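So, here come the structures, one by one.
The two complexes that follow have chain A in common; it is paired with chain B in the first and with chain C in the second.
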Partner chain A sequence: MYIIVVGGGKVGYYLTKALLDEGHEVLLVEKNVTICKNTVDEMGSVCFRGDGCEASTLAEVGAGRADMLIAVTGDDEDNLVACQVAKHKFNVPRTISRIRNPKNETIFKKLGIDVTVSSTNIILEHIEEELPTHSVTRLLDIRDKGMEIVEVKILPESTTVGKAVRELSLPEESSLCLLLRKQEKPIIPKADTILQSEDRIIAITPLESEEVLRATLTST
Partner chain B sequence: MEFYKILVPVIGTDADEEAMKLACRLAKKNKAKIWAVYVIAVKRALPLDAEIESEIRTAEGILDHIEAVAEEQDCEVDTDLLQAREVAPSIVDEAVEREVDLILMGVTYERRFGQFSLGNVVPYVLKNAPCRVILYHQPTA
Partner chain C sequence: MKVVIMGCGRVGAQLAALLDAEGHLVTTLDTDAYSFRRLPPDFNGTALLGNGIDEEALIRAGIEEADAFVAVTQGDNRNVMAAQIAKHVFNVPRVICRIYDPLRQELYSTLGLEAFSPTTIFAQLLKEKLVS
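Moving on, here comes the complex of A and B:
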């Protein structure tokens, strides 16, 4: 797979290294001459000095035959432009952009960027997972289908403790996929499965029903 | 100085011919092995293993000629056609892989922006070569 990485900062450097180790053909595009020289000295001819936001640079590095472009500069705007030029001018099948401001996530998606990676959101999700006050953790967004996979923790004070799954009024199109209980093997919830305190439920739900699902499972 | 494995990168200039003759003279004493290599620089827009017919034809012509030059000197030479993104690192890699004692390159006097320039390849090879490097300069007519 031919992958173009735009931005030779720490993220770009380690990403390039990891992708090369996996056996991909990788090219790092970086504006800074010193960074480019250091990369070439260490990894060989895998760095091209140029502006990844410019169509001429992307043409020169062969974006037309790239399978993926990953923009990981420190500027959300640069990442957006690099991905858009790659997507719309060179028909790169998959573009991934790093975003620093989580508010940009929606606009990036609307503008056709396939995947966005927000370090802020990732850290936030980990915090949510660790903190008992957050009962719902988003595990995976299936945005193109309008669905998401979430993990819901049944709190001891929740009214659902002791209830069977059939008694719950789950939102439409939501379903409980897996039940994780301490010191037990994972259970696939059935209609007669009784929920217990501290159970962790993996559920799939439409994006707009997340709140209703949370309320159903964790109401006190 | 004794050499047993000599690498002669060629690009099709007159200097290459003379460099090969010199390599043959150096090789005779110890019956050293000589490799002549031509590196095709493949643009990023193409995959590394792309078959660029015109380039390959040119390269094969140059290597055939250099082989004939070596034959005239009663010397046997192996030729190799490489494809790489950049010429200089691939010459160094080839030297490392073949564990050569000497890289012998023909250079021509070239000016860039009004000043003498060795280009990109020679300085890189001089800096990174794992062995001795001899540059053969062809005197201008």
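Moving on, here comes the complex of A and C:
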């Protein structure tokens, strides 16, 4: 695949490296001459100096035959424009944009960007996972199906401790897939499985039922 | 007419002053309060500190009731993004933005944004002055 990466910061640098390792044809577009030079010295001629938001730059790097453009500069508006120019001027089939401000996720979707990755949200979620009081962690978003996979921690004070799975009134279409218990092999929860304190449950749920699922499993 | 102007530079401030003098309701938005010095002392509109690519700032500026939105910051991409938010998220009836880069201006015009490139306009003007 031919992939154009816009923005040679930390994210762009490691992304370019990873994509090259996977055997893709990659070109990094970066404005800063020093970054360009360092990248070329290290990885070979995989960096083009220019503004990835400019149609003329994208024309020069052959955006017309690119399979994908990934914009990972530090500015949301630059990423948006790079993706839109790629999409509308060069018909690049897939555009991915990094966003800093989580609020921009819906706006970018509305403006035709195929995929957005919110670095802020990812960091927040990872930190939240480490908070002992945080009971639900989103593991995977199956967005086009409106489903997600979450991990729910059963806190010691929860009323569900000692209850069997069948006693819980789980929201419809939510199901418990796996139960992780300290020093034990993962268990597939059955109707008669009894929940214990500190259990971690992997569940699949429709997005809109996440709150109900959380309330059911962690009620105190 | 209620107008929100993003960017209180020379153009933004002058446009705000002209519209205000004609009795329109003007809100000007800038990320630097120092820019508001460009507004005339008798300016009756609102000067608001905030980033026009932030939905909340736009709401505070009254974009939901605005009849028109104008994006004239120094950054082409900021103007493009704010104008698209105004048009596609808040459905502002009239949205105009400045894009210095002629190629980008052409692209966004074909995508339905009312965009002007001062580069193209001024170059054309100079050429006409020189040649005619």
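In the analysis below, the second predicted complex is superposed on the first by the 217 of 220 C-alpha atoms of A that agree within 3 Å, B and C clash if a C-alpha of one lies under 4 Å from a C-alpha of the other, contacts with A are read in each partner's own complex, and residues count from 1 in each chain.
The rule we apply is simple: contacts are C-beta pairs under 8 Å (C-beta built on N, C-alpha and C of every residue); 3 or more make two chains touch, one makes a residue touch a chain.
Since the structure is predicted, the reported quantities are computational estimates derived from the model, not experimental observations.
> Of the two partner chains, chain B (first) and chain C (second), which one does A:L27 touch, if any: first, second, both, or neither?
Once the two structures are laid over each other on A, A:L27 reaches chain B alone.
> Could you say whether A:E77 touches chain B, chain C, both of them, or neither, answering first, second, both or neither?
second
> Touch test for A:V85: chain B only (first), chain C only (second), both, or neither?
After superposing on A, A:V85 lies in contact with chain C but is clear of chain B.
> Quick one: classify A:R65 as touching chain B (first), chain C (second), both or neither.
Only chain B is touched by A:R65; chain C is not.
> Per the overlay, which chain contacts more chain A residues, chain B or chain C?
Of chain B and chain C, more residues of chain A lie in contact with C.
> A:K190 contacts which: chain B (first), chain C (second), both, neither?
After superposition on chain A, A:K190 lies in contact with neither partner.
> Applying the touch criterion given at the start, work out whether A:K10 contacts chain B, chain C, both or neither, answering first, second, both or neither.
A:K10: touches no partner chain.
> Figure out whether A:K145 sits in contact with chain B (first) or chain C (second), or with both, or with neither.
neither
> Across the two complexes, find the residues of chain A that touch chain B and also touch chain C.
Overlap of chain B and chain C footprints on chain A: empty.
> Once bound in the complex, which stretches of chain C touch chain A?
Contact set of chain C toward chain A: 53-56, 75-78, 80-81, 84-85, 88-89, 101, 103-104, 107, 110-111.
> Can you list the residues on chain A that touch chain C in the complex?
So the residues of chain A touching chain C come out as 53-56, 75-78, 80-81, 84-85, 88-89, 101, 103, 107, 110-111.
> For the complex, which residues does chain B have touching chain A?
Touching chain A from chain B are residues 43-48, 84-86, 89.
> For the complex, which residues does chain A have touching chain B?
2, 25, 27, 44-45, 48, 59-62, 64-65
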